[in-house]
Every structure is written in C-alpha cells, then in structure tokens.
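Shared chain: chain A. Partners: chain B in the first complex, chain C in the second.
Now for the complex of A and B:
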C-alpha cells in the first residue's frame, strides 16, 4: 500500500490462478503494458492460490496461511508485491494486516508454514502500481491513439478499495484512480453510483441467481449513465460482467451490449500495443463496436483491430 | 526551633485498611522537629479539623503535616483550618498516603513503611516552610463575550442584569447565530424566532450591553481581571447613527449572491441584513461582492438612502479595550456534506442538509415555508432522513456524537409529516439518543403518532436516478438491504468546531481537544472554566450541545463572571516563581519556556553599578507556579515559593539519608 521508493520499477508479481486461466487476456495485456512502461514483473516462484472466495469463508487459518506463504516468498525478493486481481489483492492485504496485528494467528501461520513471516511485505494492486509508480504523465506520453471521449464506467468492485484499514490506497467509498487513468487515455469516465457495488464474484458458480441480480444492476446502471463500455481491474469482476452478460440479457429480456475491458487493455488500445486485437477476441461481449466507433473518428489503420467482428 | 504537628488520616477505611495509621503516627512522633502526632478517622471532618486547631493551641505548633489524600483535594481545606487557628495558611504540607499509597498497594507492611517515608519527607519540607502572603491585583469589571449566538446572548444578558458592563462581539452583521436560522425547536416546537428575538431585542436595549456586530477579536493579551483585547470593527459602510433601518437600500441593490443565512438555498444582496429580525437592523455592504468595489460603478444604495447614511469611505477600526473576564461563545460549524462521495458530493440537488431543511421550512425562508424540492419545485412525496452523517464516523474524522441530530431529525420528520400528510418519512439511524427532558417522548411521538419509518442502519450510497433520489442502505434489525426511491433526502451532518477555532484558542491561550473543540478545565467539575483564569466557555464551541444545554452553560459562565466581579479585587497565589534580579543576566531562557507568558524582560537599575540593565520579572497575576522557569534557569536564580531548592532537597535528603 502506498507509493514505494522502488525506483527500479521491479515487482514481485503474484499473478493468481485466473491470469493463467480465465483471464489470459488480462495477463497478456499486463505483460505488454508493463514492458511498454519499463516495469519489470518478476513472478513469485512456486506461488500458490490465495484462497480467495472460499478459504476466508471456511477456514480462518487457511485464509491467512495461504496468502502468507506467497508473501513469505515475496518478502525474500525485497520488492513490492504486485497483484492484478482485486480478490487476490484483498486476501493478501487482509491476511498481511492480520499477521501484523494478531500475534496468536501469526504463530499458528508460522507453525503451519514451518517458516517465520512478520507481515512486512508491501502488498499493492497492479492498478495502484501502474498509476502511482509509472505515473499518469509517463502513461500520457505513451498514448498514441487518444480514446476520443469514449464514455467508460470505471468499475472498481467491492474488494479493491475496502476494507479501508487493510487496503486503502484510494477513497474507499468513491475511488478515483481508475477514473484518472481513463481520462489520461483520452476517454471520458462517466459519473455513476455503482463503481464499488459487488458483482457477486464468489457466487459466480454456486449462486448464479445472486450474480444475475448484482451484476445485472451494475451493467444496467452503467448503461443508464451513458457508458459505452466498462473498465475493470479484476478477473472475477470481468468473468461476471462479461461472461454472464448474455444470460442476463436473455433472462431480463433487455439488451445491454456493454463491452468490458481490463484497464490494461484500454491502455493497450490507447498506446497502440501489439496484440490488443487478440486480447479483445477472448471476450464474450464483442468490443468491436467500440473499436469501430473509435476508428470512425480517427485514423485507426490497424487492420487487425478494424477486422474485429 | 520548629514545632511540627503530624496528623494521620484513616480516610475511613480508604487508608486505614492498607496503612497501619497508628504505627505511622507513632513513627512520625519521633521524627526531628515533630512535637505532636496523632491519627483520626476523618481528618477533613469538622471534629478532625478541630483536633488540628486544638493541637496547634495546646502544643504551640507552628507548622503542620496532614498525611491523607492529594493536595488537589484538601490542601485548601487545611490551609483554611490552620489559618483559623492563627497560623500562616502556607505552613501546612499534605503527605499523600492515599492516592500514592493505600489505593495503589496491597502489602500492608510495605505500604505502612512507604507512608512513613512520605510523612518523613513532608516533615523535612515543612520545617523549611516560611509564611507566604497573597497580593492584591486590580480587576476591570467589564466582560467581553465573543460570539452573538444564543450562548453569547444569554451570557451577556445575565452578566449585564447583574449590573456589569458587557461588550458582545459578533462577526456577522447580526446577533442571533445558528438559532436564528432554525424554524421550530425540539421538543416543544416553539418557533425559534419567537423565543430568540425577544432576547436579541433585550440585548440591544440593555443599558449595560454594547453590541459590536460585524466585528472580530484580533488579539488578546493580559490575564484575569486585566485582559487587553484588540477588536476590529469591520467597515459596515453605513453610518449607524443616521440609518433608520428602512431597508430601501437592500431592495435596490442590484447584486445578488448566495445567502449564508439561507445556507445557499436563497439569495441576498451585496447591501444586506441577513434576516428580517436582525439585530441591529442596520444593513452592511459586503464589499467582496459590491459592484462599487468590483467595477467602480453603481452607488445605487447611497442614491436611494433617504438619510444619507451610506458611507463608502468608512474604514475598519481597531480599538484596544480592557476587560476583566471573557466568555467564549463562538459556536459550531456544520460539516459540509459535499465531501461525501457516496452521497453525491452535494451534486444531487434534492440531497440537502438538516440546516437547509430548517430554512426550507421557515416562513421567512427562500420558499416562505413551502416544502418543495430544490430541483424542480415539486412537493416531495417521500423523504429520507439520514442521521449520523459524518458523526460517530472515524472515516470522516468525527469519532464523537453530534448530540442534537437524533432530536432534530425526529423534529424534521414530524414537522414535514404535519405539512405533507400523505408523504412517507424514512429515518436511517444508528441509535436514537434522546436523553433530555421530554426528548424520548418526542422521538416516540414522531414514530408512533406521526408514523415516521425508522430504519436502524447506515446508508451506503445515494444517487440520482431519473427524477428520484435512490437511497441504498441496510436494515440491521431485519438483516436486509434496503433501497428507497425518494423525492428528497435530508442529511443530519456532523457538527464541527468553527474553522478558525484553533486560532482563537491560540489567541486566548486556551487549549482544544483533538477535534479543536475548546477544552474545559475539568470534564465534570469545571465544565465552564478553562485552564486560564478569567476565561469561560458557553455553548457548542466546547462540544455539540442543544439549546437548553447551551443556555444553561451560558448562564453558568455568566455566574462565574459575576462571581469574579463581585470581589473587590483579585488576590494572587503566592506559590509562584520569583527572580533574584541581582543575579539575573536576562538570558531570557525562562521567558521562552514559560507556558503562560508570565515572564517579562524589564529594565532595572543594577544595585552595584547603578547602571540600567535588563532582567527577568515574573508577572504575579499570570504565573501559575508550574516551576518550568526555575528548572530552566541557567544561573539558578529563579525560585518557586513554597517549593524552594532548600525545601525540595530536604525532602529528597529525608528519603535518601535514611
């Protein structure tokens, strides 16, 4: 949390399970954006699942020990820990805080891991690192295709900025940094009330009825507030907003059609990074409309992009 | 040769259960200089005090040690006691064997030994005590009241009624303060203006009250009985002796700006009186917005004034005045809900604050009392009230309860229900804190008779959706999420200290708590005093208060002032620092460390060389006897009377040379 003194822009990277699975598009765009910004992500060797969405609801010790093992390894790397997924970030940060504050828990975790860990790793979300370490100015300099007032609803979800005592790097009820990034890319962040509403992430597979309701509310509100797309920074949010959208449309009989982009994908678009097209192709909701809308007003001659369906 | 008497108190069982008081008295009897020692069950009782007095006469005692409780509790009692027996009151020492021994130890044997040690130390000290005498200080019997709200008005009236002159300084153009903005007051629903205006008029017509509106205190120096205060009278641009208050100028002034009094719900002119019942009823020109000052043209007010009272040449005037006592009644500020992102940053027009609703309800307010939504002028059919907005909320910097919101929210719901019979009222609350006379009954009335829907829970988000304001929250009693589509939302925002409270505190030399509320001298026993003598607190500048509490405290402060003024003069406490000027080299270290600015550097004539040179001097009225200067003096030429080096070192020796 908080800006680091890490002038090298080198980070212990905790990709989390999704990046190698459902969120390959996110992972690829992260790699491209970070290398374009001169940031070096060193994957934490032999990392394990953070336990998000199940461990913290079922097992107190596991919910701290799973993240702690990753952090103990990361700590030896002596770099800030970069976490792209909001749920992973939340679990790592909360466990880290509890290990610092609860001596008994720390002892149990250390026994379970057979190694000592004092909670001293600096856990940060990738969004925070990209914006606060690389800096909005550096990002603006790399923008070659400003996004021409594309109206974007910045969706932080419920886990990235809360609870404030564990993860606060932005206002917990009304975060700002993603909006600032989106504006720096030339798009227009819309004012909307649902930026920190829950998408129902952990119920994605078990209680899809709840997900339909929560994600549906988020999507419809974004649409009503004039958004042409949603920007997010979490694979679980993406899964619900993007993958469930068609079903929500079918059940509610209401057309939504809102493409969902990772912030790194949006950066890739504005910075014209190679591979954007292949990332966007992995999405369920077609982003082609947005691309063509941009292409219509500027010279987006990248044939790969314009060829999106 | 000194003749010391030692009196060991049992304090009932408080001391006697842990300390063997008889043994302590016996041990004291054989200490050097002691000619009499005894123990007694309650030394502070009348028989106990008589025991001391009789022993003084019988054994010709010339100094006394009372082994009992803290000097903070009973030193004054025994000073009086021995003075009545003919001794100098400063010839008594308190050996604290209660707080320092019996209350904090269990082992009776060791506790008794410690008690004896403490008595021995105080015996050694009292043998080096010498008589001290109080000095007289002059007393200016004129009070300054800072702030012209209901607290300042009440304090000024009470002091003036006792026959002492009062200057009431108010920085806005009228006295009346926050209370003048309110529509009706809980729990009796009297109209605020009906009960306040007579008091305002009493103030202006009182022969002993000098009202200075549009004025501010700029500098305060001096001490109790002798404060010197610089008061800036801001230029009103109106000659008060000529103005008749006809108000013509205020209707012709072409400039319209948002009215502070209407909480931005209405407008005023640049030439204005803030509200119709203003006292004094003299308009002022707000030069920041006046066209004449901004565009160098206009002058309409001067042209229409029938008495030629408008005076553009007027300047601010700073006067230096003397007062004997100061009542601080500067009130509070409302936290600005525009800081709350989740409630819409103040960008949703139909989300207003409680005080804005007061203006909406008021017959002289912007809608003349008609309840309509600010956005489109429609009559709201459903209104949501949110309590504790920013209060009891560490995230927004206010850990405290603002104390009045539960009540005024109940009042708002009830009054709106009276005006809009079919409308729905919802109140989100954390707890209902209705702990005043008639308060609980009042809030029950709002719920039971008027059918306000009280929902226990917090509101997480408020946003505009079409022409509705959506309020999302939790009902923590049902354990369910609630969503209400309302026409209007009223936020009971936190009370905060005035933004410049810290400045005023610094000027007055008084302290504040972590939120910048002014600190009282003792939270229970000295609620109107501050740590500096002669300065008193009234109203919500100390902590959120409702009107009854404010008025009670204001009268309390006034009675402190009149009590002070009833004395012929002041007496200075003799246990203060004194400088041996013959040895002082005026290094001024002492002046720097003194927390009460009691040390001045003065010119003296050197006793030997007869030349004029500088030396430190203690202002006896300001010195609190804290001893910081004595500890700081490099030349060891400052002594604290009653705690001289000889006394303190004797105390230490008595322990060390056992």
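Now for the complex of A and C:
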C-alpha cells in the first residue's frame, strides 16, 4: 500500500474482534513488538466489527458501512489505519475502495453513518507497517537472539494479498514481505508453494471437513518443504493451522507437529522481549521443541522459555 | 412460406428456455448490477474452477455458476450449494483473464438468495452468517464465545468442538464476556439503512 502519512510511527489501530479472545497471544505480542520498535498504536475509539466473514455475502450496504464507520473515525485521527487481521484488513480495504469508486454506494453509506466519508483513510496491514515503516534495518538492530536458520514456512493466506486491486501491498501469488522479515530475524524462509493457499477460513465452525482438507494440505506441504514452523499474520489462519492441527493428525494418522507463530511472536523471540513464553503457551501446538532446538545453539538463559511444553 | 413479417416472439424473452429450464434475462442484469461485474465477459476458460480451493465440494463448479448467470437460470444459481461453499478467498478474481470478480458474483447470489428466502442446501453455513450478523447487530462486535454458543443452539450440534472450546478457555483464549460498542445506536442505524426497501437492497 502507499507510503506512510506519518512522520512519527503513530497509527489508528483497528484490533478486530479476535484480539481479546482467540488471538489474545497475537494482541499481546503486537503490543510488545510495537512498543519495542517505538511505534504507537492508538486504538480507534469505539470501533465496531468489520462484518467479516458474513456481511459481504448478506447485504451490500452492510459490507461497506460496517467498515466505513471505523474508517470515518480513523480519518479524523489523521493517521494510517493499522490492521493486524488479514480478514479485517481485506474487508476494510475493499469497502474503502468501493466507497471511492461507487458514488451511489457512498451516498447510502453516508446516510447510514449520518456523516460524510470519502474513502480516504489509508488502510494497511500491521505487517506492512512493521516492515516498511519501522523498517528491516531497525528490526535487525533489535535482534539479540538471531533465530539461527530456523526453517519457517511463511504463510500469507488469501485475504492479505487478494484481490490485488483493493489490497495491492505485495505480489498476490508469491508475496515476499514476510519472508524478508523472517530472514531479518535470522531464520530461514523455506521455498514452498502454499504461501497463499486458503486455510478454509470461517468454515472452521460449519464445514470443518473442508478446513481439515485445506489446512491439512497447507500443513503437510510446509512439512514436506522442510519447515520447522509456520509463521502467519492472521488470527483466522492461526485458528485453523494451530487449533485444528491435532484433529488433522488424528484423522489422517500422520504426525505433523508444526508450531505456528504469529510474525510478532517470532519477532518477540528474536528480540528477546518479555512475555514470549506466555504467548507461546496459549498455542495448541507446542513450540517447546523448536525453542530447545534453538537453545542448543543459542544462549537462551530464560528457563521459562526453554521449559515450554 | 414467403413470410417477410418479423417474428413477433423473437424479441420476447419472457418465455426463453435453456434445455427446458426457464431463462430470466432480468436475473442476469440484476446479478451484474449487484456485483458490479459484467458476467458476459466470462468465456468459460475454467481458470476459476482450476484454482478454486473449494470447487471439490460444489455441485456447480465456479465457471458453471458463471454460466448459469449468463443463461439467466436464476432458480439453479440461487439454490445451488456453490454460492455457500465459496469461501471468498479471491483466487478466481485474482487469476481471471477477463478480470471478472467471481467472488463478487457469489456475494451477489448469496445476497439475492437470502433476500428471496431461498433455503440454502448448506444450512449450517447460512446459520453461521445469520448468527454472526445478529451478534453484530446487537452489540456491534463479534463475541466469539457467544457466537459459538448461538451457533450450537441454532444448528442443534451441541457437542461439536466442546473439547476444543474447553482447551481454549483453559488457555485464556476464549473471552467469556462480550465487549460491546458504546454507540449501539450508530450500529443499529447501519442495519436499519440496510433494510430500507429496494430490490435486493443492492446497487442501482
């Protein structure tokens, strides 16, 4: 997306509904990493749900007006909007584009909101902001515990990179940005073909069979390509890759055992930020094996971290 | 049979049939306007179906859904399971050589099916969307634990994923309490506007 509007690293933060629930680990690691990088995330006051995954398949106006209420508030803050969830990011960016392009829709949105909104907020993923605004050099300077060639499969999923006309922040088929970050942390991004394959998203609760197949394919491909862990940037991806992994193993009779980390958790690990151990403990797939593999070659004096399950 | 008078029925599309199925040209126009797409551009190359992660579970494949719309076959397009099995991953929209956003068409078809009360063959998926939106309507934010509980009540699948839910609770990843927006009236105004009369409440 476009370059930052900010001279200082201050952003209108749209946390989304999962960040205080199933993605609490993501939220805590975001707070820690952004604070360490001197970034200031100012929560959009009284933000509401963006309507993912249901509004866009139910009603055109809802799909634009629910995101727009948040963006209208953010616009007044005069900061770029930072969105950690790929699905929220997608819905906010798509609604924003449509409000700019479709006069009729914009008019209905403005009626619904009782205020004018022209689609001018700059909606960005937190991943983009961390890498392009804070910058890889600044991140490298903060790395005190390089991840020693830890083989990581960078998983972007669908909605952060598609559709390209609305989100336009990295290549839609072979994005690079997360791979660059992972390399800056001293880990080794593996080459693999499933970077942007779908995990099944919100079918987790309804067509779990579809999620088992799609997420199973992603996990097995990561494993086959030599990954020791998966890195992601979305609570919904995490929910499927981490929470459903045990069942996928059970049904397929095939052991996978791939810990899944949010990119901010991996940064916290490399930057030796306090709290990493507590975030990783919230995961379903144990990360202890990977940590001890690193500890064998790294100085990891933190006993809580090394004793992770 | 030197009949030079034009066939009066040639331009009357109201009784058009395709393979015995009624064709409704207005439906085709409506999907175009609601989705902001021109479905006529689709030349049936099948790229959408080739890349679709959920095509394996669809009764009509993505390119066939596009064809149903082109042929004005409303009944088939609105009652197939495909429009509910489309997960909205945007792979087809990214790869279409004619820049047709099939995801937007699937959205339009779902919207029309819902508004016309066409019963979805994917009842759980439809229930999920209803429960999700009713939760946002009430509190402005989606409360995960509440959503799961409401979905269980609606689908009757009370025991599904119970161990997973308990594990999440134990790990502090299910917030038992909702965290609603303060300005509920603003959210309700959005839902109110969405219900103002209009054909399918869409663009136009």
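For the reader, a short list of remarks on this structure follows.
In the analysis below, the second predicted complex is superposed on the first by the 308 of 309 C-alpha atoms of A that agree within 3 Å, B and C clash if a C-alpha of one lies under 4 Å from a C-alpha of the other, contacts with A are read in each partner's own complex, and residues count from 1 in each chain.
Assume contacts are C-beta pairs under 8 Å (C-beta built on N, C-alpha and C of every residue); 3 or more make two chains touch, one makes a residue touch a chain.
Predicted, not measured: the structure shown is a model, and the values here were computed from it.
After alignment on the shared chain A, the placement of chain B and chain C results in a clash.
In the superposed pair of complexes, A:172 makes contact with chain B and with chain C alike.
Once the two complexes are overlaid on the shared chain, A:224 sits against chain B while remaining clear of chain C.
In the superposition on chain A, A:107 contacts neither chain B nor chain C. When chain A is checked against chain B and against chain C, the one touching more of its residues turns out to be C. Contacts of A:193 after superposition on the shared chain: chain B is touched, whereas chain C is not.
In the overlay built on the shared chain, the residue A:35 is in contact with neither chain B nor chain C.
Contact with chain C, but none with chain B, is seen for A:69 once the two complexes are overlaid on the shared chain. In the superposition on chain A, contact is made by A:164 with both chain B and chain C. Note on the chain A alignment: of 3-11, 39-47, 129-137 or 147-155, the part of chain C that runs into chain B is 39-47. On chain A, the patch touched by chain B and the patch touched by chain C overlap at residues 164, 172-173. Touching chain B in their complex are the following residues of chain A: 164, 171-174, 192-193, 224. If you check the complex, the residues on chain C that touch chain A are 34, 36, 53-54, 56-57, 85, 87-91, 93-94, 101, 103, 106-107, 110-111, 114, 122, 124-125, 127-129, 132-133, 136, 140-145, 148, 151, 155, 160-161, 164, 167-168, 171-175, 179, 181-183, 186-187, 189-194, 201-204. Only residues 17-18, 20-25, 46-49, 51, 53-63, 65-66, 69, 90, 98, 102, 104-105, 108, 111-114, 158-159, 162-164, 172-173, 196-198, 200-203, 205-208, 210, 213-214, 243, 281-284 of chain A touch chain C when the two sit together in their complex.
Chain contact summary for the complex, chain B toward chain A: residues 340-342, 395, 460-463, 465, 470.
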